[in-house]
Amino acid sequence: MKLYWPIGLSKSMPNRTSRGELLDETLRDYTRHVMGPDVEVEIGWLEKTTSLLTSTYLGMINDVHVINDILKAEARGFDGAIVGGHWDPGLYAAREAAEIPVAGPGESAMMLAATLGRKFAMLTVMDGYVPVIENNIRTYGLEARAITRNPVRKFGMTYENFVRCLEGKDDEFLVAFEKTARECIADGADVVIAGGQLFGPAFVRHGFHTIGNTGVPVIETTACGLKFAQTLVSLKRSIGLKKSEHIHAPFHTPPRDVLNEVRATFGLS
Amino acid sequence: MKLYWPIGLSKSMPNRTSRGELLDETLRDYTRHVMGPDVEVEIGWLEKTTSLLTSTYLGMINDVHVINDILKAEARGFDGAIVGGHWDPGLYAAREAAEIPVAGPGESAMMLAATLGRKFAMLTVMDGYVPVIENNIRTYGLEARAITRNPVRKFGMTYENFVRCLEGKDDEFLVAFEKTARECIADGADVVIAGGQLFGPAFVRHGFHTIGNTGVPVIETTACGLKFAQTLVSLKRSIGLKKSEHIHAPFHTPPRDVLNEVRATFGLS
Amino acid sequence: MKLYWPIGLSKSMPNRTSRGELLDETLRDYTRHVMGPDVEVEIGWLEKTTSLLTSTYLGMINDVHVINDILKAEARGFDGAIVGGHWDPGLYAAREAAEIPVAGPGESAMMLAATLGRKFAMLTVMDGYVPVIENNIRTYGLEARAITRNPVRKFGMTYENFVRCLEGKDDEFLVAFEKTARECIADGADVVIAGGQLFGPAFVRHGFHTIGNTGVPVIETTACGLKFAQTLVSLKRSIGLKKSEHIHAPFHTPPRDVLNEVRATFGLS
Amino acid sequence: MKLYWPIGLSKSMPNRTSRGELLDETLRDYTRHVMGPDVEVEIGWLEKTTSLLTSTYLGMINDVHVINDILKAEARGFDGAIVGGHWDPGLYAAREAAEIPVAGPGESAMMLAATLGRKFAMLTVMDGYVPVIENNIRTYGLEARAITRNPVRKFGMTYENFVRCLEGKDDEFLVAFEKTARECIADGADVVIAGGQLFGPAFVRHGFHTIGNTGVPVIETTACGLKFAQTLVSLKRSIGLKKSEHIHAPFHTPPRDVLNEVRATFGLS
Amino acid sequence: MKLYWPIGLSKSMPNRTSRGELLDETLRDYTRHVMGPDVEVEIGWLEKTTSLLTSTYLGMINDVHVINDILKAEARGFDGAIVGGHWDPGLYAAREAAEIPVAGPGESAMMLAATLGRKFAMLTVMDGYVPVIENNIRTYGLEARAITRNPVRKFGMTYENFVRCLEGKDDEFLVAFEKTARECIADGADVVIAGGQLFGPAFVRHGFHTIGNTGVPVIETTACGLKFAQTLVSLKRSIGLKKSEHIHAPFHTPPRDVLNEVRATFGLS
Amino acid sequence: MKLYWPIGLSKSMPNRTSRGELLDETLRDYTRHVMGPDVEVEIGWLEKTTSLLTSTYLGMINDVHVINDILKAEARGFDGAIVGGHWDPGLYAAREAAEIPVAGPGESAMMLAATLGRKFAMLTVMDGYVPVIENNIRTYGLEARAITRNPVRKFGMTYENFVRCLEGKDDEFLVAFEKTARECIADGADVVIAGGQLFGPAFVRHGFHTIGNTGVPVIETTACGLKFAQTLVSLKRSIGLKKSEHIHAPFHTPPRDVLNEVRATFGLS
């Protein structure tokens, strides 16, 4: 099985020179760790990207290309895809446009969280993702499973302390995560979803899977999204499970010829 | 006061040769009728457009350009804008990106409907808008004010019978509208929102403002959107009312330099 | 266009001797500032009033007369009305009884707030309004757009520090407002609605339109109510927009003869 | 124990000459049947009343006097009260103003219904009560326990066929009730609440307590309201249970001196 | 009238040797105090019980026997029953299996609370009851009437300080209760439900019925459950009120022969 | 990986002599088809069972033993489990008691459905499951993703026409399923969940995976439950994902010694 993961970033994002290679290598290892030998995950990089993904408008400009890449991956024979980050950028549009199953890391993590506890909270890395993810919770219909007061919160990480954590130098990153997680727990959370594409490898390295002495599990979104995509592909093969193509379904595939014509018109494809 | 209305269409949409001019002229008359002499409304046309606006992905490709045009209108001195059609394409992204007030025709109509009755239904022109508008109702938080069973329904119009109605030749279009409206009323609606950018002129021509013998008003979205935009501009001037720029607000304006840089990078502006 | 605003108070309320004249003059200036030269706003005073408007029962006794005054204003040729204060006293009953559009200051502010941010909170001046306004949020169906924990809060103003603020002597009133507003923001609010009939003039005088350094706008209800009423009257003229007269609509107008007979029976009119 | 039931009507309502005496006698018998010998129920009649109780505004004029009568009953030593009809006219205002427990027939029936089945529907006698009761369901927070599609419906009774039923002449009234009840059951109801002050005696006479062959119970509101009031009085005596007097509670009693002064001012008491 | 109250405990629970007798005597006195001379309440003890009732699985094992005892009580001629504690163990199953009315102490208290204030909170004695009761609130459909942030909270009692309170030695137990209750009030509660089977006698002894200086009533669940059961039995006698036997109702009684056969097979009865 | 599936039935259920063997063989084949060679699924049969699983009380008696068998399977080295049928009997209790992941077929299908369309409906085989599954939807917090009017419906199958379908003799069973499914689609469903433990093999045999000409997928619950359980086990191994052990989590594992002691006391284990 081949899954495509367009990460929504370009390797040469401004001011973060080393990020691309680090991300690429670390994430490859992590996806192999999570998915095992039977599933191949290709990480897709954008040629150019916006430097501010928290903006709805700038994110949309980006998503147009991310989804275009998913359509190309579909044509190249991939079996399924997940969309970039924990805020599920372009998820509903991608799921509509493609015929292969598309999972959202955030959506998958929330669905799993709803089977592991009573109420979840999601931590994120930038303030701008807060309203995006809060709206996702509502779109997915899961308000009753998230804490009511500020279910999405930014925690005080920096890119630098994250890298130190990833390299095993110190755990300030985890300390910052725990601090905000404990505030969520005081407000009723019994499951915490960790929003950040690179977090998985750091958590595995430090064996960080629960908030100490609380019993509250920490859910990493990428692993959830990939496993969810695998499940959808597997059920498609065995029992023909597919997205709804009802005319009122949000994921009804547009006619392929129209889709391709428009992509051509707008310089995509 | 100058308002910009990017209609989200190009004048030369495939297979609908006469549509552009008819739309342009009819809508100009209508906006003058609704807004009076003190408000100037400029209707914006796209150079190129997708031929299928019901698709989330294709709509997104379109919206990127519509919003770009709103940003240009802002630079040209416009005071406010509304986004194209009754399904509020790109509303939240436009409102975020621009600093001038941006109203949604559908959102405005729903907010007004919530003050005119108990539960509304919205009629639309294509099946593909049904899930989009249903999700809008949820995003706007108005589920409790819409009927519970299928609050958004397509009615059986054709472009041809609409044009005949607009030209005063017959009223098959209104008959079709009423039929579906009455089904909504049986399911609890006491207000009906009419989704269609050109409907206003036809309704005015036929004096069609309620569903006969039911007392149920018919709300036309464009007029609502324009008046809402005017109200927002007016309150901005008198009492400084503006969108929230809180870091967790969905409409927090991205830094202008980043916005312009990204637009340049992606061939917009 | 002529709008009627029955303020719900009498000029000679007990223990507040100077209030009536101050209110009258200040509010006249403010409505002119907000509405411009084309809209005339008449402020209506009651002959006698209860001295405790936070009480549901006493408020009801008052509202009977307020609504009666709206019906008289309708007969005198007014085009629309708003009901007194930010807690929308008697709004639904007034909207039902009158045929001219009736807006609620609180309702209008909440509807506008829902287009400016994600979640609002409302500050009020007396504890007794808290449950009234919380029930309004629910009646309007906007729970999802208000913060979940205590969406309505009293702040620590006194009539004296308000007057000093209005006269430009100091800004203790604004300091008290900000303090509670910031607590709401910590609980998730990105828009704050200011409940108090006289607040607008004080805010304008001090240029107080956002909570400093938060980007959170402060919405004044009277201006919103008046602009909303103007919009409804304007749309009634241009596109025939009216409240629902469906037999199941909450605003279905009672037969005029019955209405007048009952008013006569009970010494109203 | 003495309970007061202000029925919200005057004995000489226009065009219904015989109604007052019939009601009075029938309801006395019924309350004795339901409450047994230990509870005395006094039925209160208004001197004058509006002829249209479905109107929110006219109802309000009425309720001012009904609640005044409850306050007088309290002063006369009554232990509790219920408000008139199944649409709970003035319930929240009465409960606030009085210190004795006040139950609502509709509220009580809905609370009991929520323990007897999964989803209820309420049948009513006039279209105008539909929005009132739907709003009550929302105020009481019981939407999840009522059917979603049109939870309140008028059924096709006439006063004449009701009287024939009460007198045992025929059962057309019950046939009409059952017809609408079965439609509600098809939409998911498993409990039906019967809204009508006189229905209890007719139901008892005909042994009409379920919808035939469906297992769905029919709940009569007056009996529920009286028993609920008795329960509240009894728990007040044994364990001191009382309404909330918190400053943010909707039922916080206004100061007695203010209340009495206002009543005097407005010619009540 | 005879009511059965299976308390869900055995007299000889491990490590709490004196508890059984104390409970039995105290509760007998309390039920007589609450119910008066006309209602006989039999307290039912289990022969064996699990030592951890907060566990869903262990509670289920217990409930099988508790419900069996209710069925036996029904056969012995009891008129109604309540299920053990404030978390309503086995309520829906008991109500289904039995034909006599079965009330839940927690459910009854919540329904009453919803008529006494705006938003309630429930205090409980062990952490494990928190998710159980939160799910009950949702099952009963009363989320809108409970505070949103942590509506169910454990307070810091010990069995020892409870006993001292019951014996009138000190009131540390009440102090602990008040502390947590005040936190709930700060989060919006205006009614507090006290979850604990023995609390009633202690409250009565100390005249503890409100949280001092807040006006917030304290609702004791056992008294509510018993009065609710009495009301249901009484209405069954006077107006035939019964649980829904609709095939889709959650309380549809299983065929008696099947029920008895299964009980025999599994060594119950 | 080894998964345990206690099917909740005994092989010799009354009046269905051939059922046990047919079920066993058919389901073995199906689980191999769905799960592939790397996952071993053991189907667990009860020694004795109730003959009416739709009853909440009788189901509870059964579930006590089903969960006991899951605990035994855990001790025997199984990695995960699913609970019997599409109504998730005993799911929350099983998930609490066991430390291995436990999935619910219905819960898993609903979570997946929420990613495939907008609103689902679930078809079931007996009326008695309707309230159980409706309550599950509420417990899982997915009301917003199910149709509002009667989201759970029985369809007109018989065991006989199911068997004929399974054997390829005719498709009356599928015709009956489609009929009810189309009614759900008319009420807004764009995904249909098929509730029935044996349905998968019949669907695969007939290639029945969508409702013809509607684009609506049919989701079979057993396959979903098994894949969900596999995902949970896999994520436990790779990233340590586990249920919440927070003291307020519904799945907090009871102390093992208490659990085993109680099982011994009650003749389980």
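When the chains are written out, they are named A, B, C, D, E and F in that same order, and each has its own residue count from 1.
Following the convention adopted for this analysis, contacts are C-beta pairs under 8 Å (C-beta built on N, C-alpha and C of every residue); 3 or more make two chains touch, one makes a residue touch a chain.
According to UniProt, the chain labels map to these proteins: A, B, C, D, E, F = Hydantoin racemase.
Predicted, not measured: the structure shown is a model, and the values here were computed from it.
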item: Selected from D-E, A-B or C-E, interface repeating B-F by over half of its contact pairs; value: C-E
item: Centroid-based (C-alpha) most distant chain relative to chain F (Hydantoin racemase); value: C
item: Chain C (Hydantoin racemase)-chain D (Hydantoin racemase) separation of Cα centroids, rounded to whole Å; value: 32
item: Whole-Å separation of chain centres (CA-atom averages), chain C (Hydantoin racemase) against chain F (Hydantoin racemase); value: 54
item: Distance from the mean Cα position of chain C (Hydantoin racemase) to that of chain A (Hydantoin racemase), given in whole angstrom; value: 45
item: For chain D (Hydantoin racemase), residues that touch 2 or more chains besides their own; value: 118, 131, 138, 143-144, 148-149, 188, 247-250, 252
item: Overall pattern in which the protein chains touch one another (line/ring/star/complete/other); value: other
item: Footprint of chain C (Hydantoin racemase) on chain E (Hydantoin racemase) - complex, ascending; value: 118, 144, 147-149, 187-188
item: Chain E (Hydantoin racemase) residues touching chain F (Hydantoin racemase) - in the complex, by the definition given at the top; value: 48, 50-52, 54-58, 60-61, 63-64, 67, 90, 92-94, 96-97, 127-128, 130-132, 135, 138-139, 247-250, 252, 254-255, 258-259, 261-262, 265-266, 268
item: Residues on chain F (Hydantoin racemase) engaged by chain D (Hydantoin racemase) in the complex (per definition of touch); value: 131, 134, 138, 143, 148-150
item: Complex contacts: residues of chain D (Hydantoin racemase) adjacent to chain E (Hydantoin racemase); value: 33-34, 95, 103-104, 107-108, 111-112, 114-118, 140-145, 185, 188, 190-191, 200, 203-204, 207, 209-210, 214-217, 219-220, 223-224, 227-228, 230-232, 234-235, 238-252
